[in-house]
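Here it is: the structure, laid out below.
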């Protein structure tokens, strides 16, 4: 029995890290641009499909993952430059609807190119199979998901905390008026920020592909949960998303043992409670 | 500038348009437009008039649809009773949820409405013994509409059912428009821009917004029941986030600032969906791009664009805009 | 005209984190008189106003309105009891017309906060008449159907005053009514406020000395969250502590 719990714990960790990566990207975009990215799910799906396409061409999985990051990042940069930038002074609702519309168009484009039945990818042989731990078998790919997600976040941490560009991103998130006064190129920063956030979503899609498969709408559930993570972690706290993502992933996985049909419902109950009792989440400030 | 929406002119024009509509398109499509328009107007009271960007209005629409469908499937209640039940349940659920969600503002408010919608969705999905879960709720039949003194109407006739829906729409438009132009409407519009100032004048913004939620929920629930009657079936996405997104699209396409906008938005949405999906399965791609176009070129929707055009012509003719 | 205490703050305090904005301030405003609060920026004047209208909750002390304790009431309830307030930063509703802005306030004064959801509010006979009367009384009737966003700042300030008056208050709290106005516009506002003196108890935050000296009955000076002087305009203008507060001696 306890091996079942351990298995779910590990499952939860892996999926939680994926949630964390999604939410991290969402947090960057919300922090810098103050807009909830409702195209995040579509970007996740795009990343998955790009990963599939590159892997199918015979290229190594690593290249496919880079593509999974790069293509959505590019799309994100364009969305900011040609879309949100022009809508910066418009009503909030219009910015949100712009992202909604793009999400729709993006998802449908995926179907146009790759058809309706979704895609899947078997993990590269290096990452397939499992480790024999004695009391259970630990799928190698789950470990990879956890490690790859953690690495991604660590790389971004390094960029944000230790580089000049990163400090500008932080300034942009925490004090945008001041950043403008200091001559920081806010326009460029916003484009970079959206690109980074979008790239994270795409990369999550690529990493998740061998594990969960992908369809044009597979990003939607991920995106919804990413919002829960964002709220739980707290707006304005990038790393809150990481902790919250892990927490929620584990909670969701463990609850499937107890009440499988309610496990997703539980997430939204948690979200509601957080919003009502402590809207700034675990680590947020505003 | 809002004066033309007063009085009898606009409802008369609407009635004429609704009477002619089934001659220009399949009556089922016209019917769906009308039902969605009621839902969109209800949502517009909260989103357009009160400026509360609700991302979960399908909750009330869905609650009305499932409730209405349930009593019809289980008890074959009369049409009037069904619609009444759905309206009351819609109002109640909106009052309860509204009382909770308006405790937060801005992004947090949006997230709360989103969370409630998701919770409602997953409850419906898992409570499949009652709701049919993923497969939706079937077994709904249209009971005859009893009109006291005139006998009963067979609603299985498409034209008759359409007439009923059109009448309900006209009544809903009239009522919701009156609410918009009432003191409550003005308080909501004032609070949309500056809730603090509105309170310092002496209004309880909380009470005004809850009242608006109750009214909005009532009409959304009513629309839901009509939807269930229209298709004799309630698919699970009736209460989904996608439906909440759809109604948002309708409102913005039509135009937030008047109660006529939602009808136009609903018409555009349903028409595009119904007619073009036969031509290209990926019509939603065009629709997504259409939304983007509207956002950039017509921030006040089609009604707003129309009014700009009118002002432009008036100016050209030498009159004052 | 009865001379009593219309509004009173007793030992009120307000802290923001470690910063004390208002430090155990007690102050009385007598009925029918115009009482001006002076002080350098950051003295706590606007915070005190916010405490009086319950836009902020006091951390300590009490507020009495017309003899009754009102410390636990909500902002809209204080408003209904007769406190009308204008803001330092113009807070008229820009998307509504002048008429609609004033109508909203006049309607509330009539219906004490209940709002109908059926009748066309713009045609409510009493409220509409009241609104029009007020607007023409202040010389603003030409803007009746103009959106507040479409006029000059000075005219918006006048609208703000009209809205505050339409709530039929007994006590008027005017936060820097001449802020951002030209000399001529300030004179206009000064004359209007002066003409209101007999009918209302007025508490005003002001910086312009000529306005303060010309029309005030009583003056209180605040600095760093505390009251440092109180008296007639003449007494205050000679007070050494006041000079110190203003010129940092």
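Note that the chains take the letters A, B and C in the order they are written out, and that residue 1 is the start of every chain.
Just so it is clear, a residue touches a chain if its C-beta (ideal position, glycine included) is under 8 Å from a C-beta of that chain, and two chains touch if they have at least 3 such contacts.
Note that the coordinates shown come from a computational prediction; the quantities given were computed from them, not determined experimentally.
In terms of the stated touch criterion, the partners common to subunit A and subunit C are B, listed by label.
Using the mean of the Cα atoms as each chain's centre, the chain most removed from subunit C is A. Between subunit A and subunit C, the centres computed from C-alpha atoms are 50 Å apart.
Taking each chain's centre as the mean of its C-alpha atoms, subunit B lies 42 Å from subunit C.
Averaging C-alpha coordinates per chain places the centre of subunit A 33 Å away from that of subunit B. Looking at subunit B, one finds that none of its residues touch two or more other chains.
Considering their complex, residues 6, 178-179, 181-187, 189-190, 193-194, 196-205, 208, 211, 215 of subunit B touch subunit C.
Per the touch definition, subunit A reaches subunit B in the complex via residues 30, 36, 83, 86-87, 90-94, 96-98, 100-109, 111-112, 220, 224, 227-228, 231, 235, 261-262, 264-265, 268-269, 271-272, 275-276, 279.
Residues of subunit B that touch subunit A in their complex: 47, 53, 100, 103-104, 107-108, 110-112, 114-116, 118-119, 122-123, 125-126, 241, 245, 248-249, 252, 282, 284-285, 287-292, 295-296, 299. Against subunit B, the residues of subunit C that register as touching in their complex are 53, 55, 74-76, 79-80, 85, 87, 91-96, 100, 103-105, 107-109, 111-113, 115-122, 124, 163, 167.
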